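Right, one structure below, let's go through it.
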Amino acid sequence: MDPAAIVRVQAEPFSIEAEIARLTRGRTDLGAVVTFTGLCRDEGGALAALEIEHYPGMAEEEIGRVVAEASARWPLEGVVVVHRYGEILPGDPIVLVVTAGRHRGEAFAAASFLMDYLKTKAPFWKKEHRRGAVPGDWVAAKAEDDAAAEKWRG
Amino acid sequence: MDPAAIVRVQAEPFSIEAEIARLTRGRTDLGAVVTFTGLCRDEGGALAALEIEHYPGMAEEEIGRVVAEASARWPLEGVVVVHRYGEILPGDPIVLVVTAGRHRGEAFAAASFLMDYLKTKAPFWKKEHRRGAVPGDWVAAKAEDDAAAEKWRG
Amino acid sequence: MRALYFAWIRERIGKAEEEIVVPETVVTVADVIAWLSGKDECYAAAFESTKSIRAALDRTHARHDAPIAGAREIAFFPPMTGG
Amino acid sequence: MRALYFAWIRERIGKAEEEIVVPETVVTVADVIAWLSGKDECYAAAFESTKSIRAALDRTHARHDAPIAGAREIAFFPPMTGG
C-alpha cells in the first residue's frame, strides 16, 4: 500500500498539529514523525515581505513526483507537504513537510530529502520586497541548494 | 549567546505547536524548524501500554548535556526537548525534539543527533505491558541505537 | 501551444501567458527560446541568459534539447527558489 | 552513600534506593557491584550480568572502573531504552 500522501499549495497559513493528525489519527503503528517548517527569514531587518509566485498545477504535480520518489526510497507510512504562495511576512511559515514512519531513520532522511528536492524542483519563485525599495528583487537560486539535491543521487 | 535550550521531563502530553512557539515567537531571524516526535508503537496489536521509568534529576541533566553537545556542533538558535514518563498508550507521544536554526542543514542534523544520543544516554527505561500478560517485560536496548549514536563520533 | 512565463521572465515579457504558433522548423525547447527571442526586445531581454532559463512541457521539467512535439503547454521560468 | 536502582535491577533487589556504607576496600564502581552482589541472592540476581549494568555517580554516567571517592549518589540501571 502506498503511504498516505497529501500535497497542497495554498495562500493560507497551516497548522502543524492538524497536518500531523492527518497522518497519525487512529493509528498505533507509527513510531516517528518528523516535521520541517521553513520560515520567512529577515536578514538584517530590511525585509518588508516576500512575494511567492508559483506555477499552479505544475507545483502540485511536481511536489507529488518528489513525494513519490521519497516513498520509493524509504518505507514511509505517510507524507504531507504544504507550500504557501502570495505575500509572506518575516517570521511567517512558507513550507511544511511532515513524514511519518515506523522508525526515526526513514522519517528524518525522507524529510531532509524532500526539502532538498523541493528547493530545486518545485516551481516557486521568491521576490523580496525591502523596506522603502520599489520594486522588489527576485531571489537568486543558490548553488548550495543544487549541491544539496545532488548529494542524494547515485 | 547560547541558544534557547528548554528541557522538560513530564508525565503530561505536550503540544508541538506550543513548544515550537517558545523558540519562534517574536523572531524573524529563523529559517528552519525541525521537530521529531517519538510515538508509542504497537507492533501487532498486543501492546496494552508502555510504562516509562526515569531517573529524576539525572534525566534532565543528561538531556541538558546532550543539548549542549548539539549546540557546540551546530549553530542552533533554539532547542526544546520534552520526554514523558509514566503510562503511555499505543499511539501516544513519548518524546519531542524541536530544533530551530537559520538554515535547514543544522536543524535537521541536530534533531537527528539529539534523538540518537537521547536513545542511548538519557536515563529512561521502557516496560511493555501486553494484553493479558502479567507482569510486563522490560524493553531490551538495541544494538542499532548504539550504532546510530556511534556514527556521530570522530 | 500555450506559453506560460514566470517570475522575471514574465515581468520582462510583460505577460503571464499567450497562445503561440511556432513554425515547423522549431523542434526543441531551445528552438522555441530562440524563436521567441526574435519577436522583440522584451522577449530578447527575457531570454538573453539562456543558462538561467528553465522550461517545462505539459507541467513536467524539460531540458533545452527536449522535442516539443505534442506538447500543449510550454512554460519558461528562472531556477526555482521555493521551499 | 545513597544507592539508587532502576528498572529490572530495582525489581530484583526489591527496593528503589537505600543508604549504603561500603568498606574501604571498595574503590571503584565495579567494586560496589561486587560488594552488593555478595549481600544476598536478590542482589546477586540483580547484578549477575555485569555487562548489562550501567552506573552513574552523582547523576553522571560512570564506567565500571571509575573511582567512587567523593560521590554522594551511585545509581545502577540497565542500558537506556528511552526516546
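A, B, C and D label the chains in the order they appear, each numbered from 1.
Everything below uses one rule, namely that a contact is a pair of C-beta atoms (placed from the backbone, for glycine too) under 8 Å apart; a residue touches a chain by one contact, two chains touch by 3 or more.
No experiment lies behind these values; they were computed from the predicted model shown.
Traced through touching neighbours, the fewest hops from subunit B to subunit D number 1. Looking at the partners of subunit A and subunit C together, they share no chain. Rounded to whole angstrom, the centroid-to-centroid distance between subunit C and subunit D, based on C-alpha atoms, equals 72 Å. Mean C-alpha position of subunit A lies 23 Å from that of subunit B. Averaging Cα coordinates per chain places subunit A and subunit D 48 Å apart. Within subunit D, no positions touching two or more other chains are listed.
Shown for subunit A are the residues in touch with two or more other chains, namely 38, 115. Residue ranges of subunit B in contact with subunit D, taken from their complex: 38, 52-55, 57-58, 61-62, 83, 94-95, 115, 118-127, 138-141, 145. The residues of subunit C lying in touch with subunit A in their complex are 4, 6-8, 10, 56, 59-61, 75, 77-83.
Contact residues on subunit A toward subunit B in their complex (touch as defined above): 15-17, 20, 24, 26-43, 45, 47, 90-91, 102, 104-105, 107-108, 111-112, 115, 148.
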